[in-house]
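Presented sequentially are two complexes of subunit A, the first with subunit B as partner and the second with subunit C.
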Partner chain A sequence: MSSVAARTARDLTRITTGRSRDRTPGSLIFLGGLWFSLFFGVMVLIVLIVTTAIDGAPRFDGALFTAYDSTLAPERTGFRAGILGSIWLMFTTAVLAVPLGIAAALYLEEFADNGRWYNRFIEVNLQNLAAVPSVVYGLLAVAVMALMGFERKGIVLGGAIALAMLILPVIIITTREAVRAVPTEIRHGSLALGATVLQTTWRQTLPSAVPGIATGTILGLSRAIGEAAPLLLIGLAGAVRFDPAGIFSPVTALPIQIYSMTSQSQEAYQQAASAAIIVLLVMILSLNALAIFIRNKFQRSW
Partner chain B sequence: MKRTSYSRALVPAVAALALALTACGGGAAGGGASGTVAVDGSSTVFPMSNAAYELLSEESPGVQVTVGASGTGGGFEKFCSGETDISDASRPIKDEEAEVCKKNDVEFTELQVATDALTIVAHKDLAVDCLTTDQLIKLWGPNSKVDNWKQLDPSFPDQEIKLFGPGTDSGTYDYLAADVIADESESTRKDYEASEDDNVLVQGVSGTPGGTGYFGYTYFEENADSLKALAIDDGDGCVEPSAETAQAGEYTPLARPLFIYTNNAKYTGNEAVATYTDFYIENLEAIAEAAQYIPLSEDQYAETQSALEGIGS
Partner chain C sequence: MSDAHTGAGSSLGTGLPGVPPDLSGRSRPGERAIQAVLFTSALVSVAITVGIVVALVRPVVDFFADVPFGDFFALEGDLAVVPLVAATFVVTAIAMLVAVPLGLGAAMYLSEYASPRVRKVLKPTVELLAGVPSVVYGFFALAFVTPTLLQKILNLEVGFTNALAAGLVLGVMIIPTIASLAEDAMAAVPQAMRQGSLAMGANRMQTTLRVVFPAALSGIAAAVVLGLSRAVGETMIVALAAGARKNLSIDPREGMQTMTGFIAQTAGGENPVGSTSYNMLFAVGLLLFVITLIINIISISIVRRFRQVY
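Coming up: the complex of A and B.
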């Protein structure tokens, strides 16, 4: 009896770990194919990052962060405006998108009657929205800004509206999943003690789901920080020589600066752009690391 | 209950952030004029407008300029809807574009700021001095198979052609492809040595017998002793590239004027736009040289100046 169980367990481990002793030609070819795919994917990424880092190596200096971009001295051009602009855009986007997204997700998960056709309609369209190309959100944001009567649209608010709309579906979907993962017993316990649905959601469900929500939101923001297309459409300029000073201040963003710099032919700009790409990657990676940290630190299992 | 402290902390944090964001929206400090100027348009003029801003920002840091490069056409679209204050252009405004401006009550003034010229260079010993525009297109066209000078003209030497030119990202490439060759593909042939570094092109052409290539005129000027420039015959005889022939509009089709268009109402109504434009025109020669274009001749400069003075009145 016990030997049978042991054998099954061993077979299971073999299959799940892929350390099968099956050495027929077919399985070897298959294994080779898998390895090649993995190798290809990872190599492309490594080659890209390494070549970009090498191209940008001469420019990892202080001026890269503290100087504005320069036509008169291309070798001292910097990304101060882009880096600060991206940070401003991030915060404004978060302020716009996070409360809206969490509220919408809570409604759909806790209050909405899933039997109604309009709620199902909203659900289907949320999934679709998450897959809409980012350029479209740029157009939408232009229309929103025009409706609000802004003649000049390339400001922090305009960019943030575009990015907020872009990541809203992502926030809603991840928040819903986080809220759904909270055990029903917690809600039942709260309701049984006499709390209203609102109290239960606000004091029990939502706080329990915060780690999941935070992770999803940060991942959404890290997607937004790398976007250039919607920001180009809203009219963010490539060259700005002042720091953003409010949500109505004209602004540029790091991806936009990189874009406008790579289209200029001088060697110095190409180097600066490569260095800025690495800076952008580091920003995105640290956001993702923060998300992983929050998930590991606060995640609980019921 | 540790859990509730989450939400309690979150709400004021978000509120404080929102407050901080709006509170920072104060005016900019600095001497002289202040305000914002929106510039957009041709990526060819972009380095000039950006250099003008860079020089101005030392003098009056209160003037905040955003310079975009969405192309001449894209720039006029925004300009004529009143979105931008100044539009950069590498060609004069088209009638249909001016029509849109008129419909939106945008009155503008055209100011020429510099001349952009390409130079076709060749190895010093090459026994060719002049190309017609047709020969140039035959040589550089997207489907060109020409690999010997003889194929262009029977009187040319029997010598292999080696081509050098800027990469497809460069504005110089765009100029030759879209404005000189000007067929549907908007591209040149692809079998040439491409480099974004003009030094590499100079070394390539000067070190290869039978070599030819092209880049901006100002760059040729700096290297005139190691290369020779081919004259261009656009139907009125061979014209040598020079600052004078380019300015005079004789060196066609390889020279073109560059413009900025200023919104008159914004110029008179917005102190920052006026400061920026005046500074731009005042320092035009230095700015054109910084961006490696041919500065205006004295007559042209006088014309631009009087056009600028005409805005206020």
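Coming up: the complex of A and C.
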């Protein structure tokens, strides 16, 4: 907030070179504050990864991946059931949520008449669902499983229902964005050649939007794989000592195993949990990397 | 116009000159059916909302058949919900103190200072923070923030579980929610307003704080409110790090059980279906759903009402 009037030649040079006014102490402190806010989160992430990796270092062995949860020998406890369970849950969730999400997004984007009250209602409802806490989806999944008559709810299907409902809004929203990014001219061209709206959507719009949809879906699934709260409610236990064998098989998940081990005080369990966290983060980061790869490799800009 | 229709109808054999093209359109029952399927899929999202309400309300009705309202909305006791709500408030307040300044600072940098290339790298990096599972953050609060940061470095007398560590880590978790949405809002402010401000002799800081920030205020408010709703509903961090005992206190150094913490910890224990403690799970869940619903509606209506169309 220096004075505006240029009295000396030096002042004049400062003003004509432009940047001078961004070099006042106030501006520099402000910019420093912005830098700090930007890198604070990254610093936390680095500290998190480094301290966890150090804690878990003694446990990066084969048993971590091949052994089941063990109460007799905590120093040899493993996450085989959790890792396989998480993979099973992820695929079942995808089967439930992806077709439904894409269909709903196509309806809202390509067919719905926005003047109708029920379409507007679906929109608002969707915005709201995206912000419902994940535990609430767990409570809903418990009720759905009870309605379908399942005695035991901690099975692959139960967990997948909870996760599918959780990520459905994410998939719908990202698919809509991908579909919206397809230029209208492509639709017009197809319609002008005599295709119906459905044929246009199926043969032109949808294929053009696939990279965007894939990116959004993978990001949604990477959220599902790290989610523990709804699975805890549906009754997934930490101590499952066999591989999942189907969608009706009792199952555990990696985040659930981490949670139940963190709640125990023995040092060996803390180490195992740290190592498992690194495994979980690697799984999530590879999904994110895959999503970014697909976006950069296949996404067209019109 | 008619040429286009002739071309479109040529496969039906109406391309001959003089013969009017068939414009009536074939009836396509298949298409109607598929459209109905798509519409049904969209309705599933409504069904989920209705399902949430029904699934929560039924056990809650059973719950209040056994338990008087006064016991639930009491300050203390096994069935009291007030300590849980108070603890949620304390943890959320700490989280917002961390996340609002840092989130908005990051958003201002990304929107007003970063070059497009730098933004392309930095924005996904900040958003990566939201991709870390909450159980991992909970472990981090319990294994690093409380023993090392709070007890050793800052020398605070905090419990093994405490609201401070949970709130701080929760705040870090919602930074990207606020930063990302606020950045979108600020990026939508037209360039002409910045140019006008700079031409009047304001520097970048003044332009950011006095022109861009007020112009994007509705979007920024919506971002903060959405961050608030995330903070209230987040479960695993508070289940691990905030404590498992009801504690009606506003001292963040103490452990306290929040609403979501109660739900997670009770669900992890043994509760027979239909028992009072099982039904209380749903009563707290319904309260949580209603609170976040109100916050979300506020967020949506802020955007609606105060949106400036440039």
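The rule is short, and it goes like this: the second predicted complex is superposed on the first by the 280 of 302 C-alpha atoms of A that agree within 3 Å, B and C clash if a C-alpha of one lies under 4 Å from a C-alpha of the other, contacts with A are read in each partner's own complex, and residues count from 1 in each chain.
The rule is simple: a residue touches a chain if its C-beta (ideal position, glycine included) is under 8 Å from a C-beta of that chain, and two chains touch if they have at least 3 such contacts.
Worth saying up front: this structure is predicted, and the values here are computed from it rather than measured.
Using the contact criterion defined above for the overlaid structures, shared-chain residue A:270 touches subunit B and also reaches subunit C. In the superposition on chain A, A:55 makes contact with subunit C only, while subunit B stays out of contact range. The partner that reaches more residues of subunit A, of the two candidates subunit B and subunit C, is C.
Of the two partner chains placed by superposition, subunit B and subunit C are both touched by A:262. Of the two partner chains placed by the overlay, only subunit B lies in contact with A:245; subunit C stays clear of it. In the superposed model, A:162 lies in contact with neither subunit B nor subunit C. When the two structures are aligned on the shared chain, A:213 is found in touch with neither subunit B nor subunit C.
Contacts of subunit A with subunit B, set against its contacts with subunit C after fitting on chain A, overlap at residues 99, 232, 235, 260, 262-263, 270.
Taken in their complex, subunit C has these residues touching subunit A: 4, 7-9, 11, 28, 31, 34-35, 37-39, 41-46, 48-49, 51-52, 54-56, 58, 101-106, 108-110, 113, 122, 124-126, 128-129, 131-140, 142-144, 148, 172, 175-176, 201, 203-205, 209, 226, 229-230, 232-236, 239-240, 260, 263-264, 267-268, 273, 281-282, 285, 288-289, 292-293, 295-297, 299-300.
Against subunit A, the residues of subunit B that register as touching in their complex are 3-4, 6-7, 10, 14, 17-18, 21-22, 24-26, 28, 36, 38-40, 43, 46-48, 50-51, 53-55, 57, 61, 64-70, 78, 82-83, 166-167, 169-172, 196-197, 290-291.
Subunit A meets subunit B in the complex at residues 68-72, 88, 91-92, 95, 98-99, 151-154, 202-204, 206-208, 210, 232, 235-242, 245-250, 252, 260, 262-267, 270. Against subunit C, the residues of subunit A that register as touching in their complex are 4, 21-22, 24, 26-27, 30-31, 33-38, 40-42, 44-45, 47-48, 51-52, 55, 99-101, 103-104, 106-108, 111-112, 121-122, 124-129, 131-140, 142-144, 146, 165, 168-169, 172, 192-194, 196-198, 219, 222-223, 225-229, 232-233, 235, 255, 258-260, 262-263, 270, 273-274, 277, 280-281, 284-285, 288, 292.
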